[in-house]
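Both complexes shown next keep chain A, but they swap its partner, so chain B is in the first and chain C is in the second.
Let's look at the complex of A and B:
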C-alpha cells in the first residue's frame, strides 16, 4: 500500500512537469495569439518587453516552472489572458460537465460491456456470441467524433427528437425540475455516443477473460456442486472476468477521456473540458490549457486510485502482491 | 448402489475409457488405481455426469446406474438433483480448484440449501480438522493440506450417498497424508466411496476393494488385500514393484517402456514381458479368476517353473524332503540356506544334472521328462565359480556365443550381432578389441558379466543363479545385482537365486525360501 502511494506521488509530479512542458512545444507564442501577428509586427521592442514582463514571459524557463508548481499547490492556476478570468474559475465552470458526461458513460459502458462480455463469452462460438462480437468489432472501427456526428445527424437533425447543442437550452429561463429535464435531454446524445465509444473495450476485455475463466478448474467444480447456470456465470466466472476490466479501464480512461470526451464535446458543443481544451489550443491560452490538462490527468489518477481499491476488493490475492 | 455398465468415453474419437464394468456397494471404500492419464478423472467426470456438459468433443456410451437413475441419459434437471446432494466429489487439489476470489465460507455455503447453515459448516469443518474461524480466509491463504480439508468438508457436508475422491492425498507430506486418511475413514462410514489415486499407500490403508485401471480398461479387480499381497496381472505387479514402500526390501523395479495409447488388443501388450500373438489382436475379457477379476489372455502372470515334491537322498541321508516351489514370469525367488543345505542339489536336479528320487518338475506348465536342447534354451544357469565357468582357451566372443554354436548356429554375422546385443545388455563394450580378449585379461566383475551374457544369449525364460556374486567385491556385487534386476525388468525373466546371504536375498527377491534340513519354508519379506 505504501509503495502504491509513492507511485501515485511520482506520477503526480511527472504530470505537473509534462503539463508545463507540452503546451510550450506548440508552435506560435501567446502574444501573437492575443494581439494577432500584425499588431505584434508593428509593436516597438519596448512595448513587447513590457507586455512580456506583464505576463511573466521574460523570466527563464526554470523559474517559470517553479512558479508554476508552487502556485498549483496554492490552488492558483494563473490568470487567463484570453478570458480575463482566473483559470481556476474557468476550470470549475467546465469540469462538472465533463465529470458527469465521462463518469456516467464509463459507468454505463462498463456495466453493459461487462454484461455483454459475460453473456457472449459464456456462449462462445454460438450464434449470439458471434453476432455480438462482430457488431462490436464493427462499431469499434468508428472514431469517436464519427459516432458522435452520426448520432447527431440521425437523432438531432433528421429525427429531431433530441437537442444536440450545449448543455442546456440557452435563454430558456428554465429552472428547478424543468432545468433538470432539459439538462438530461441535452446529455442523452453525447452520453450515448461516448458509451458506444467505450463499450468495445469493456466488452472485449470481459469476453476474453470470461473465456479463460471458464476453463478454470473452479468452474468445473462449481458445475459439479450443482450450482445454477446463472450463479456459475456471474458469481464464479463473471466476477473473476471483471478483474482485468477494472485494471484496464483505469488506463483506457486516459485515452478515452482525451479522444472520446474531447471530440464528442466538440461535436455537441458541450461546455466541458474537451471544448475548453480545444478552444485554448486554438487561442494558445497557455494557462487554461495547462490547467485543464492538469485537471484531466489528475482525474485519471484519481480514477485509477479508486480502481485499485476496487480491484483489491474483487481479487483478494492482490493485497499480497504489494 | 452404483453400477457402471459397459461405459465407453472417447474424446475426438480417441477412446479414453473402454467398456468399464463395476459395481459399488454402500459402505465400501473402493480404489481405482492407475497412473495419470489412464482415465481416472474421466471416470469421475462421467459419474458426476459432467462429461458431455464440459467437453463438446466427448462421446459417452453405456450406462451408469445410480440407485436406478441412469446418469448417462439423465437430463440436466435430474443431474442437478443428484449433484452434491447425493453424489459429491473431492476434486484433485490443483491450483484454482477453489475460486480464488471468494472466501472459503461463501464457497461452502453456496452449496447448502436455505439459510442459517453456519452451525453445520462450523461442525463439518471441525470434523475434518479445519479451524472453523479460518473459514473467512481466501484460498490463497491456505496450505495444500488445509485446502484438501476444505475440499473434503465440502464433499461430505450434504451427507451424500456416494463420494468420489480424486487423488485426495497426493501432493501432501507424509504426516498430513496419514492425518487425512484417518479423516476420510471417519467421514466415509455408511457411504459408498470411490477413491481415484496412484498412491498405493493410501489404497492399502483406506480401501477394501481395488480396481486396477490401465489404458482405460480394468485389468484386475478384487479385494485390496488380495491384490496387494498377490498381484496376478503383470501391470499390477509392476506398479507395486515400482512403488516405494516401507515393507518392501527388493530394489525398486519399474515397468519397461512407457504407457502408450493402444487401439487394439490388450492395453498392456507393448510393455508386457509375457505377451503372445493374441495379445496384440484381441482385448482380453475381464473374467473371474479365483478370488478376483482379471483381464489377461494368459490368466495373469504365468508360472515358469514348478517343482513338485522333489526328494533326494545320498547314502540314506535325506537331503531334500519332498520340496516344492513355483517361479512366475518376471519373479525372483531366492533359495536361502547354509552350505550343505541342499540348495545346489536342488538346482542341479532342476537343471537335470542330478536325478531326483521322486517328484516332478514342470516347465511352462508342461512336465519335464528329458533335459534336452529345448529345456536348456528356456532355462540357463550361472555357476558359483566364475573362473571355471569359462574355459580359459576361449576369447570373449567365443565364450559368449558358445551356447549358440552348440545349437549349431554358426553364421558369423548372426553370432556377432547376438554377442553385441547381450554384451551391451550387461553393460560391457562390444567392440572388436574387447571381443578378442581372453579371460585372464578380465576382472572378476567383467567375467561375471560375461557369464551372464552367455546365459542370456539363448533368451531363456528362467535363470538359475548359484551364488553369482559371492566371489566379488561388495561394490561390484551391488552393480551385478542391479544389472540382474534391470535385465529382469526388461525381459520378464524368472530367476531362481541361490545364496546364503540374507542381505543379498532381501535386495533381489520377491519371495525368499529357506532350505533347512531338506525342508522349504517361506520367509515373509518384511
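Let's look at the complex of A and C:
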C-alpha cells in the first residue's frame, strides 16, 4: 500500500510539471493571441510591459514554475489572463455541465451497451447478433464531432425540433419548471451524440465477456438445474460479464472529460470543460489550461485509486501481486 | 462493489445538477417583444468596462453602448457631437478646445463635468489603455466645469477620429481609487453616460443583456433591451430565419437566400486586406524588389477572388488602401496585371532558367519558396498561388499552421511567404503607418525606402485634409512600387437582420475603425 502511495505522488508531480510545460510549448504568447489587430497595431511598448508585468509574464520561466507549484498547494490556481477572474471560479462554473453530460451519457451508454452486448452474445452467430455487431462497428468508426454534426444538422436544422446552441436559451424569460425543461431540451442532442460515442466500447466489452462466460461450467450447471433462459442470461452469465465494463467506465469517466466531451461541446457550444479548454488553447490562457488539466489529472488519479481498491475486492488475486 | 459503482455514477448527474442550480442566479426576466437579440459566434468578449473588455472590435462595441466619447461618427462617417457640444482647433497653440454638454448625468446620478475628461486622460497616461496611444496628447486642462482644452505634443491629424472619438470618458468619482483597472470588475466599473446600462453578463454562456438608459441626454433610446447571444457561425442563418435572433453575421453564400426570405442584408464596405506577406528582411530572394515584382505578375488575383473566395471579394490594390475607402484611396499607382510571360522574363534576366523538369534553376540550385497559411480559407488561396507560381517554374511548399503559430512565425521572420491579413483600412490613413512601419506581426516592417517613411511621418502631422490626401496618394504609389507585400483581395462580409434590428455599417468603421454594423446612434432618437 505504501509503495502505491509513492507511485501516486511521483505521478502527481510529473503531471503537474507537464501541465506547466506543455501549454508553454505552443508557439505564440497570450498577448498576441488575445489582442486583435485593432489593438495590436496601437499597442505601445509601455502598454505591453504594463500588461506583461500585471500577469507575471515578465518573470523568468523557472520563477513562474515555482510560483505555480507553491500556489497549487495553497489551493490557488492563479488568475485567468483572458477571463480576468480566478481560475478556480471559472473551473467550478464550467465543471457541472461536463459532469452532467459525461455522467449521464456514460450511464445510458453502459446500460444500453450492456443489454445489447448480453443479448448479442447470447445469440452469437445468429442473424440479429451479426446485425447489431456490424452496425455498432460501423458507428464506432465515426469520430465524435462527426456524429455530433450529423445530429445537429438533422434534428436541429433540418427538422428543427431541438435546440442546438448552448445549455439554455439566453434571455428567454424562462424560470423554474420551464427553465428545467429548456435545460433538458438543450441537453438531448449533445447527450445522445455522446451516448453513440460510448456505446461501442460498452457493447463490445460485454459481448466478448458474455461469450466467454457462456462457456463456463456454471452455465451448464444452471441449465442442468432447469433455470429459465432469461435468468441464466442476466443473473448468471450477464452479471459476470459486467466486470470489465465497470473498469472501463471508470477510466472513461475521467478521460471522457477531455476527449469525447470536448468535441461534442464545441459542436453544440455547450459551456462545459471541453469548450473552456479549447478556448484557452486558442487564447494561450496558461493559467486556465493548467487549472483544467490539473482538474482532469486529479480526477484520473482519484478514479484510478478507487479502481485499485475495487479490483482487489472484485478479484482477490490482485492483492498478491503487490 | 459493482452496485456501489453504479450508484455513484447514477448519482453524479443529480449531484452536479444540484450544484448547477445552486449557482444559477435568478434568471433575468425579459419581455420578449421589446428586445433585440444579436448573435455572435464567439460569445464572450469580456467584462464590458473600458479596461475589462477583450481588446477586439466586438469587445469595443459592447463597451460603447455603456460609455460615451467626446465625439462620435454617424452613418456617413462624419464626426458628430456626443459628450462635447462643439469644438475647435487652434493652430498656433496646437490644441483642441471642447465645449461639453451641461445636462449629462452618469448612470448613478452624479453630474458629468470637464473634470471627468481631464481625469480620464490623466488616468490612461498612468494605466495604458490599449486602444490608443496617448503619446500625441501633451496635457489636458479643465478650463471650467464644461470646457476642456487638450494640448497636443505634436500636430496629429487623426485626433478627432482616433482619440476624441475612441476614448470612453470615465467617471472620476469611481475610477480615481482604482489601482488595477484591468482587474477591476465591480458593478461600479460599468457606470458610464451611454444610452444603455448592463443588466446581465455571463462569460460562461457568452451573453450580454443591456437595458435602455431612461435619462439619456442626447435623446430617447428607442429600444428597451439589447442582448448579445452566442450562436455558432454555422447555425447563424438558421437562427435568423427562425427568429431566435434578430441580427448576426452570415456567410456570404447564404446572403441571397436570406434576402429572398425577406431579411435585410448589410454588406460591409470591404476594407479588410488579405495579403501575401513576403519576407523581405531575412530572405535574400524576397529582399530584391525586382523579384517581388515578378511574383506579383505571376499571381492571378482574379482567380483567387473567383475560385477560392467564390466571388465574394474585391481584388487587391497594390497600394494597400481599398477602393472602398473612397476618401483616401488612390487609383494612380503602379498595377501588376496578371502576366506570367512578363514574370518569366524578369526571372530570366535575374538568371533563373528553366530546367528539364520545368522548374527554374540558377547556378544549379532550384528556385523553391515556402508558403505558409493558416485555416482552410487561406489554404484555398494558397493553392491558387501555388498553382500560379508553379506554372512559371517556382517550386512551392504549401504549409498550413495553426493561426497563432503562424502569427508567431511571421513576427520572428521565420517564413518565406505567408498569407495573412488585417482590418482597419477603411478609416483614418494613420493605419498605413502602423501596418508599414509598426513593430507587430501584422505590419510589413518595411524601412528600406526613406521617402516612404518621411511621407508617413508627414501625413499624420498634416492638419489640412486636402494636402494630407496628396501625401497619402503618394504613399500608396511608393508602396505599390516597393511592394513589400502583395495585397490579394478584400473579402466581403455580410450581416443579416430583420426589421426589429435597425443596424448599419458606419463609413470608415465605428470609433477608430471597427467594421461591425452596430453603431449605438441607431438606437437613439435625437
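Quick notes
Convention: the second predicted complex is superposed on the first by the 249 of 322 C-alpha atoms of A that agree within 3 Å, B and C clash if a C-alpha of one lies under 4 Å from a C-alpha of the other, contacts with A are read in each partner's own complex, and residues count from 1 in each chain.
Quick note on the criterion: contacts are C-beta pairs under 8 Å (C-beta built on N, C-alpha and C of every residue); 3 or more make two chains touch, one makes a residue touch a chain.
For clarity, every value in this text was computed on a predicted model and none was experimentally measured.
In the superposed model, A:231 makes contact with chain B only, not with chain C. In the superposed model, A:59 lies in contact with neither chain B nor chain C. Contacts of A:282 after superposition on the shared chain: chain C is touched, whereas chain B is not. When the shared chain is aligned, chain B comes close enough to touch A:216, but chain C does not. By the document's definition of touching, neither partner reaches A:4: not chain B, not chain C. In the superposition on chain A, A:124 contacts neither chain B nor chain C.
With both structures placed on the common chain, the touch criterion links A:24 to neither chain B nor chain C.
In the superposed model, more residues of chain A are touched by C than by the other of chain B and chain C. Once chain A of one complex is fitted onto chain A of the other, the partner contacts of A:156 are limited to chain C, with no touch recorded for chain B. Shared contact residues on chain A (touching chain B in one structure, chain C in the other): 243, 314. The residues of chain A lying in touch with chain C in their complex are 26-29, 32-44, 46-47, 50-51, 54, 79, 82-85, 90, 92-97, 99-100, 103-104, 106-107, 110, 152, 156-157, 160, 164-175, 179, 242-243, 246, 249-250, 253, 269, 271, 282, 284, 310, 313-314. Of all residues in chain B, only 48, 50, 53-54, 79-85, 88-89, 91, 94-103, 110-111, 138, 140, 154 touch chain A in the complex they form. The touching residues of chain A, counted against chain B in their complex, run 216-218, 220-228, 231, 235-236, 239-240, 243, 314-317, 320.
On chain C, the positions that touch chain A within their shared complex are 1-2, 5, 9-10, 12-13, 15-17, 19-20, 23, 26-32, 35, 37, 43-44, 46-47, 52, 54-57, 59-60, 127-133, 135, 180, 182-183, 185, 200, 203-207, 209, 225, 227, 229-232, 235, 238-239, 242, 244, 404-405, 407-409, 411, 422-424, 431, 434-435, 438, 440-443, 512-514.
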